[in-house]
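You will see two complexes here that share chain A, one where it goes with chain B and one where it goes with chain C.
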Partner chain A sequence: MADPKKYDNRLGLKGWWGGGRWGFERYAYTLHRLTGLGLITYFVMHILVTSSRAFGADAWAEWMGNVAGPIFHVGEFLVVLSFIYHACNGIRLILVEFGFVVGKAEEPIYPYKTSLNKQRPLLIVMMILAALFVVAMGYDYWMLH
Partner chain B sequence: MRETRFWTWHLLAGIAILIFGGLHMIVMHLDGILGWFNPAGGSALDWANVVVRSQGFLFPVVYIILLGVTLFHGFYGLRNILLELGIGRCGRVTVNILLVGGGIVLFTIGAVAAIKAMGV
Partner chain C sequence: MSKQDTGARDIRFIIRRFNPETDEAPHNKEYTVRVEPGMTVLEGLHQIKGEQDATLVWRFSCRMGVCGSCGMLVNGKPMLACNSQILHLTNSVLTIGPLPNFKILRDLVPDLMPMLKNHIAGKPHIVREDFDPALTPTDEYYQTPEELVRFLQFSYCIKCGCCMAACPTMALDLDYKGPMPLAQYHRYNADTRDGGFEERAKLAGGTGGVVRCHYAGECSNVCPKGVDPARAIQLMKRQLVAGYLGLAKQQEPCGTIGPDPNARHREGVPPPPPFTIDRK
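Now for the complex of A and B:
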């Protein structure tokens, strides 16, 4: 494996916590990573727990009983929240990655414009969409079960 | 070039998760409001509903696709976060081996369970 170029990751994990000149998008980035870490941790457990269905109704009931306490109930809703945020913010990131909603490239004439401001309405729309899903799934989760 | 290809797969896997994972979340977490793919009524986790979803062709296939793309998307994202910490060449090799190995083991467990559950 070739050694990649070394760049000083000066702030390391500390860089996740300060938005600095990147503004609100930096906190969206940090939350995207935190929710991603939470989701992959849950997903590993989810694979192991739900695989019990292959062993029949008794195994399924036993495993569902093991994860039925109030801590798991609250934890599962946090997973739902994380998924909603990660998905909605992920849509924004993919659109920005492929060059949508950041405006056309133009000459840097003072006062300079930043593409961050061009895509910010999309961030707001995606967070409103996320809030709608949170309300719907929260109602289903806490009121109907 | 290889990392660019992996990054593109990471994004495409994200889109696949959005579709299949979104459907999964709607089935599991809007079951009270919509009740999709839960013919026995009640909770999506009730054994009768689990059996119906496990025995058809659609859901096991979707589960296995979702399993693969989610493991790739999640473990590649985790790898990026770990490698950004500057863990050195030995650390990079260890992370790669653990994540690829762990991903293959988890995929095998989940895929075998999905196939075996078709006969419950």
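Now for the complex of A and C:
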């Protein structure tokens, strides 16, 4: 018999969202990936722009002029935000993924508590830390420069 | 005297339908069901099939959260239809669809085979080099209650696929094996009776293995049995890294206690039935 027709029901990118009905860790995951993509984009641009110095001081000045507009100024601050979030959340993920803060296996008793409950204090601490860094960097970036 | 309010309500069911013989893509169909307090989503579906639309198809068996057949997407979340009361979820509208991240066979029936194939590939049974456990089923193992707890939680998995449907990595990554099979690899790895770590490590550490999981934790959030696949996966990552770096504690699988040589058959007790497998 031929294989029956099946409809592919993979969620794709939509599966990263979920309209507020999901847990906080899912949004942390999504933001981690998005900030990661942002940082790599910045990294590539950064390499390209700075490599213009190899073509002489004039090329360098021209390229630096190209990326001096207000959009780039805001963009650069977004890079700072992304970096802070990615670093703070990344430290949590390293600890979690090496199995340090997920707790030991335990008999599940309803209502179930999972490893998510075990690592949540760390998540909260890291997010507070990230918020403090954002405020400090924001002050430095927008007020002092 | 006014009629007593029994708490019954008319609920609109919006159900995702797909017939592979006639449809190109799924579409929604609406039904209205009179719902009494305590009625489960599964009972609502039965009501529709019995009284309104006999063509509606879904999978179920035990009606009590044990068989893992009835996983579906209810109001946007994967859950067991038999384990979820309608009036706990809504007062007006209930949307029901098949579990995402699986192909749809028909209506609310997902194709769980890709998940189960990965599960089977991980040898979901005790693996021993010294003997075949299937052939010596009467030997008892030396295992402490503490050692039991190390895997007990993960052994409650009923393979319903809810975790696979909730996982954002599953949603985009065609190679990812997913929380259900990976958690079961750890269930056997963590079992002191088992010696199959090396074999499963190749699967768990390879393409589509544990490194694709970044702890979104949704698998553990939706699991109806408290299995906590996210925990199993992170604990397995640690074991794999330790093994790779040569830091893992080398431990032989636990021994067995053979049949008691002093045991005597008690009079009046009927003899056990013969073995159903060849014990040669």
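Methods note: the second predicted complex is superposed on the first by the 122 of 145 C-alpha atoms of A that agree within 3 Å, B and C clash if a C-alpha of one lies under 4 Å from a C-alpha of the other, contacts with A are read in each partner's own complex, and residues count from 1 in each chain.
As a convention for this text, contacts are C-beta pairs under 8 Å (C-beta built on N, C-alpha and C of every residue); 3 or more make two chains touch, one makes a residue touch a chain.
Keep in mind that what you see is a predicted model, and the values were worked out from it rather than measured.
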item: Contacts of A:Ala57 with chain B and chain C, given as first, second, both or neither; value: first
item: Partner chain(s) touched by A:Ile124 [first = chain B, second = chain C, both, neither]; value: neither
item: Partner chain in contact with A:Ile47 - chain B first, chain C second, else both or neither; value: first
item: First (chain B), second (chain C), both or neither touched by A:Glu97; value: both
item: First, second, both or neither for A:Leu78, with chain B first and chain C second; value: neither
item: Which of chain B and chain C A:Arg26 touches, first, second, both or neither; value: second
item: First, second, both or neither for A:Val135, with chain B first and chain C second; value: neither
item: Touched partner set for A:Leu11, first chain B, second chain C, both or neither; value: second
item: Residues of chain A contacting chain B in one complex and chain C in the other; value: 6, 9, 12-13, 33, 97
item: Residue ranges of chain B touching chain A (in the complex, touch as defined); value: 11, 14-15, 17-18, 21-22, 25, 29-33, 43, 45, 47, 50, 54, 67, 70-71, 74-75, 77-78, 81, 84-86, 89, 92-93, 106, 109-110, 112-114, 116-117, 120
item: Residues of chain A touching chain B in the complex; value: 1, 3, 6, 9, 12-13, 33, 36-37, 39-40, 43-44, 47-48, 50-54, 56-57, 60-61, 64, 80, 83, 87, 90-91, 94, 97, 136-137, 139-141, 143-145
item: Touching residues on chain C, where the partner in the complex is chain A; value: 18, 20-21, 25-26, 75-77, 98-105, 110-111, 149-154, 156, 166-168, 170-172, 174, 190, 213-218, 220-221, 223, 225-228, 230-232, 234-235, 237-239, 241
item: Residue ranges of chain A touching chain C (in the complex, touch as defined); value: 4-16, 18-19, 21-23, 25-26, 28-30, 32-33, 93, 96-100, 102-110, 112, 114-116, 119
